[in-house]
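Before anything else, here is the set of structures, which you'll find just below.
Each of the two complexes below includes chain A, the first together with chain B, the second together with chain C.
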Partner chain A sequence: MDAKRGMGVMLFCFLAVLLLAWPVQAATERGFDDKEIRIAAWGPQTGPAAPWGAVARGSKLMFDIVNEEGGIHGRKVKFFVRDDQYNPSQTVAAVKELTERHGIFAFVGGVGTACCQSVYQILLDNKIIWISPCSGARSFWDPHNPYLWNIWVTYEDDSSILTKFAVEKKKFKKIAMLYQNDDYGLDALDSVKYRLSKYKMELLTALPVEPTERDLSSQVAKLKASGAEAVIGYCSPTQAAIALRTSVSTGFRPQWFHSYNLSDYPLMNKITDGLWSKEGVITSGFFVPPDADHPLIKKYRAAQEKMAPTERWGIFYQAGLVVAEPLVEAMKRAGRNLSTAAVKKELDSLTDFQGVGPKITWTATNHKAPKSVQIWQAGPNGELIVLQDWTVNEISRH
Partner chain B sequence: MPFEQLLVEGLAMGACYGLFGLAVVIIYKTSEVINFGAGEMAMFSTFIVFHLLTFYNCPFWLALLSAIIFAAVLGVLVQYIFLRPAKNPTLLSLIVITLGVEMLLMGFASWKWGAEQQEFSLPISYMITYEPIEGFIISQWALAVFIIAAIVVAFLYFFFNHTNLGTAMRATQQNKHAAKIMGINTDRVFAFSWAFSSVIGLIAAVLLTAKTILDPQFMLEPFLKAFAAAVLGGLMSIPGVLIGGAIMGLLENFFGYAWPVWKPITAFLVIVLMLCVRPSGLFAKHWVKKV
Partner chain C sequence: MDMKRAYYEDIELFKSGTILFWTIVLLVALFTLPLISSNYYLYLFNLIMVHVILAVGLNILVGSTGQISLGHAGFFAIGAYATVLLMTKLSIPFFPALILAAFIAAFFGFILGLPALRLEGPYLTIATLAFGLAIMHIIGHTEIFGGRSGLRAPELNIGIPQFGWNFSLTTDLSKYYLILIITIGMVLAAINILKTKVGRAFVAIRDSDIAAEVIGINLTIYKTLSFAVSAFYAGIAGGLFAFVLGFFDPVTFNMFLSIYFLVMIVVGGLGSIMGSITGAAFITYLMYALFKNIRDVPYLGEFLVNISQRWLSITGMDNLSAIALGLVMIGIMIFEPMGFFGVWIRIKKYWKTWPF
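Let's look at the complex of A and B:
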């Protein structure tokens, strides 16, 4: 009898604990309650890639604006930022901590292809909304992931449009390439070759560069010897700046083209002693230009000056707003009855949505990034000149 | 092949590697420790120049002079705080300590000045170029590197051969205990060699920044190249390390021109080949301890 009573008490305690825990667990899984929606981002706030950490802080500005305007259907956004130091193992730790301890409704952004890939499966398994990795890598949309929406234009599309501009608009016949020796540069190299083949042209030479290299004298000597009139560069800001400095110091002055990753002109001018503007470097860009006379840019810049005055208004910071905009829009459209399914449905039906990023159209089976970019040039006084408006890669292979 | 350009650029970068290699060799000559923190010590001192220029609008030469004093103090502090207290240290444990110093300084610099690339202009410019012979373009930066490297080498030659302190440093390296018996304050010699090394590292780093970019990682790769130059020339030989630097610079440029994909491994190849074929380097005498 005592044993039965003991068992009964234990069963009661177990059920009581289960019942008490159940509502909390349910709320945690959903990532929101009646008062708040929990959204998160990771990014390198310290370490070698810290400049890109501005993306997560840009997203914070978006949710600060949302909260100041009263939240979304009465709910305030609680935004979490975790510093992963551009280290995939720390990204995994941060995402696990956020999802298991706080319960996150959605993630925005995410810097670094490897960091994003390290948490891809965790977010997919938990069916957590994710907009969008800051990477143009193919693995984020192939195969289709129903909970991940892409905004970052692929390097394949980007480099193809840049090459088309160099050949058709600038009439360059002798083109060479300097590419980072990883997926970023190799994707672009393949695409540039493909685009040139359409004009029955070939690259004069294509030279690899490692992200850690600090002396690019031999690469520049080879570019110069090739007789290139234009060089397409797919490398990091540091290597692009060193290549430009070295080419000027050796009297080699081609027209440089670079990817949208190097479209932070104030930064590039700063680290090239103004050569970025003096040499009129051309880049692609897939945001509304950061100094554009655009109502949303004006609104965000005013908010940044008020809420985050120590931040520099630059392209990385704007990227944080770009990845947060579609989520805010979808949550607003979903109404008071918030759920992952409701927001997913709204995201899947976004058509020609544009904030300060590119024009986005997603469907239930297509979460790919847009295929269009603008062409920008660094003007002589440091200003950004839009050379060509949004252009679609008409020979995109995806 | 643009032979002239590869030659000039290779020799200029090689002179920087050689200078920086000296910073490694000076410590090795006195204590047989490879200082893996040399790059970050130089980086940190360069950020002091940057800080004085940017936030205090100091004239360049005053900022550089202040940073030289800072670098000397930093060298002494690193030796005094981190290496000297090590109890019964093995060579390996001392090397591990220098790795710790490297991480500490890089973390501190990232925290203090941020990881973003910084604007850093010198009075010598890579944009000003001269063409004494047709096709032979040399920048003001490359000229300055050659001149400064020559001055530093002349000074070191004089210092090690004609001053008491230089002789004391050589004696300490050859036999620490005998040097002590002869009345040499070896602790002071070690501290001085760290200060000396730190200052030469700063000079090399400032020259390198003028061509590359200032950020907390900027000395990682040059350190590897300088280390390769030191191994090539001989870790005990000052002229050897400079010639090793020049060979390294030329090798990297010509090799990188001919086989661009393999350029990043040049330094590793040099280190591995030299350690296999002639571990003491091209110009150092191979000391064998008799027991």
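Let's look at the complex of A and C:
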């Protein structure tokens, strides 16, 4: 064998490997310079969870608006979005790439509890500001993380307020529950039982649903047999739709209650062929309603029509704005002398701050999410009716 | 193409001085690489090496024995969960836990190998596919496995804490060296397995199982053994993956992962160790890095985003990576069915006979 030529080929391969691993330009540590601030988000833009990717694009709208208004104290925001396909190993890759290659000042949002968990330690170790994973899971605020601020109302508080409304306002006596068999549903189940115990009541029955289950006829039959007047559902949008269709087709028509995760009524109506509105499903909601006559909603919708006309104005998109608002506010208050410590100080002192999300109050030792939600109902013509204004969970156990 | 004149020539690890020289260069490069790469690339390299271990094992099953498996994400998950649980619940040190976890995976591989005795082709595919899915659901249902909420890997302590001897690997760099050494060991083991009686039996079964049985190869033993060996590799890979990632849930080990594993060895070249390595490296790079940051490329990024938003969809840009991956796979199947290994053989042939 011609050794030289063999070597040539091998040398080529070797160089290719080296090139692949070539160190990228050293990124600035702090994530900003005189001209720009670098902020990022990850979210599934492709794959089965892609609809939730709208959160990251909603945040982009926020920073586009900020840039159009001249930036923050003379600095423009450079916003990065990475598609992680709802896969934790991809999220870790994206976050490492962003923080090392570009240097990121802050992360906003973050869909998928597992994805957020997988980068939790990396962000904490690097002391990067992170405003609210889109998850009500306990591990994000217990123990206290000095660089992570939560906005997502916990499922405990959410389900407790829903139950209170069902018992006190709607006077339901026979309540059953359909819950997803994981932390999301189990947290809620525990909280509903606790709330009912305050009224000396008990759940008629509580039926688990596996996240991948698609035939809910046995659960619905059991709910029907229990004689429930109201069913509190804590499951995914798809399963809520299947449960609703199945129950209507079997002539079982209780009042359905669902979590704020299912408060995108146009979407729910689409996947239930309008049953969502016909049945008047009640959900909680912890944003300013997306069609409200509210100055900020009007401003954002106008900006969306101008800058991102192909987007749908929905709850997920609005969520992206909700997580970005406190960061923009804190950066504005911090002034021209930007630093992580300065912005952290402003975030820690936000009191009753409200944009298009819930009212937020954080302190240096408390970064928990607000404990209040509104109660909404899907109206007969697809509109959103606010049944009850912001209500605090007065028996919250955290 | 390489004529062998003696048995010892065949079992030689390095066929010539050139190969030995370049192997050493490659090893030196691999050991010095971290000095010039950032953590992001180290993470990527760690993933690549984990996938290399798995692909090498899968290739023993698919490429060398001719059995198919779409359930390797299941063995991968068993390795990850077993390693972490043995360490956290039973306080077993890392290395014994990793090896024990790999044996647990191998045991499941053996069990799955039993139906493989009667199943072939698409039927075996379905059986293994069902296994992969079942593992995902069983883990999701079981509280001790962390259920659907997932599990956090403990600190990677490769010492023996019981004797007060602690040696924690916390950085991507230290994990890189650990995984590199294990990967080299696993690859060498695979090269050697294929040259033993067992390896030759595997190849005989692939070429014709009836003929293999006629010449005295016990199909029951060797087919199940092939599954067990392959699952052992997946178990080791899974155990390392748990620490590369730090946090995982059952959905991490979904069906698509099994398909990607199969793609790695098909693209690399079935039945070839070098093919498994290049295939795993290439596909991992495509999955995790290719076009992920195309938006930030000056001018071109903006141009592509505008085209995508105007005529395709809002998220169209992110599909680029998936489209590229698909096109590469189709391209390789059409132009080089033997994968990268085929390309390599052609290059070798060309230079050997050059200028004729």
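Methods note: the second predicted complex is superposed on the first by the 371 of 398 C-alpha atoms of A that agree within 3 Å, B and C clash if a C-alpha of one lies under 4 Å from a C-alpha of the other, contacts with A are read in each partner's own complex, and residues count from 1 in each chain.
The definition used in the following text is that contacts are C-beta pairs under 8 Å (C-beta built on N, C-alpha and C of every residue); 3 or more make two chains touch, one makes a residue touch a chain.
Note that the structure is a prediction, hence the values are computed from the model and not measured.
So in the superposed three-chain picture, is A:Asp64 touching just chain B, just chain C, both, or none of them (first/second/both/neither)?
After superposing on A, A:Asp64 lies clear of both chain B and chain C.
Kindly classify A:Asp33 by the partners it touches after superposition: chain B alone (first), chain C alone (second), both, or neither?
neither
State whether A:Thr212 touches chain B only (first), chain C only (second), both chains, or neither.
Once the two structures are laid over each other on A, A:Thr212 reaches both partners.
Just chain B (first), just chain C (second), both, or neither: which does A:Asp190 touch?
A:Asp190 contacts neither chain B nor chain C.
Does the superposition put A:Glu329 against chain B (first), chain C (second), both, or neither?
neither
Scan A:Ser89 for contacts with chain B and chain C and give back first, second, both or neither.
The answer is second: A:Ser89 touches chain C but not chain B.
Quick check for you: in the superposed arrangement, does A:Thr310 touch first (chain B), second (chain C), both or neither?
The answer is second: A:Thr310 touches chain C but not chain B.
For the overlaid complexes, name the partner, chain B or chain C, with more touching residues on chain A.
It is C that touches the greater number of chain A residues.
If you stack the two complexes on chain A, which partner ends up touching A:Ala50: first (chain B), second (chain C), both, or neither?
In the superposition, A:Ala50 contacts both chain B and chain C.
So, A:Gln117: does it touch chain B (first), chain C (second), both, or neither?
second
What part of chain A is shared between its chain B contacts and its chain C contacts?
Residues 46, 50, 181, 210, 212, which sit in both footprints.
Which of the residues in chain B end up touching chain A in this complex?
Answer in residue numbers: 1-2, 5-6, 9-10, 13, 110-111, 114-119, 121, 126-127, 129, 131, 137, 139, 141-142, 208, 211-213, 215-218, 220-222, 225, 252-257, 260-261, 263-264.
Enumerate the contact residues on chain A facing chain C in the complex.
1-3, 5-7, 9-10, 14, 17-18, 20-24, 45-46, 50, 53, 57, 80-83, 86-90, 92-94, 96-97, 100-102, 113-114, 117-118, 120-121, 137, 181-183, 210-212, 308, 310-311
So in the complex, which bits of chain A are touching chain B?
So the residues of chain A in touch with chain B come to 44, 46-51, 181, 207-208, 210, 212-215, 217-219, 221-222, 224-225, 237-238, 241-242, 245-246, 248-251, 267, 270-271, 273, 275.
If we count contacts the way the header does, which residues on chain C are in touch with chain A in the complex?
Answer in residue numbers: 16-18, 21-22, 25-26, 29, 33, 36-41, 43-45, 47, 137, 140-141, 147-150, 152, 244-249, 251-252, 285, 287-289, 292-293, 295-296, 309, 313-315, 317-319, 321-322, 347-348, 351-352, 354.
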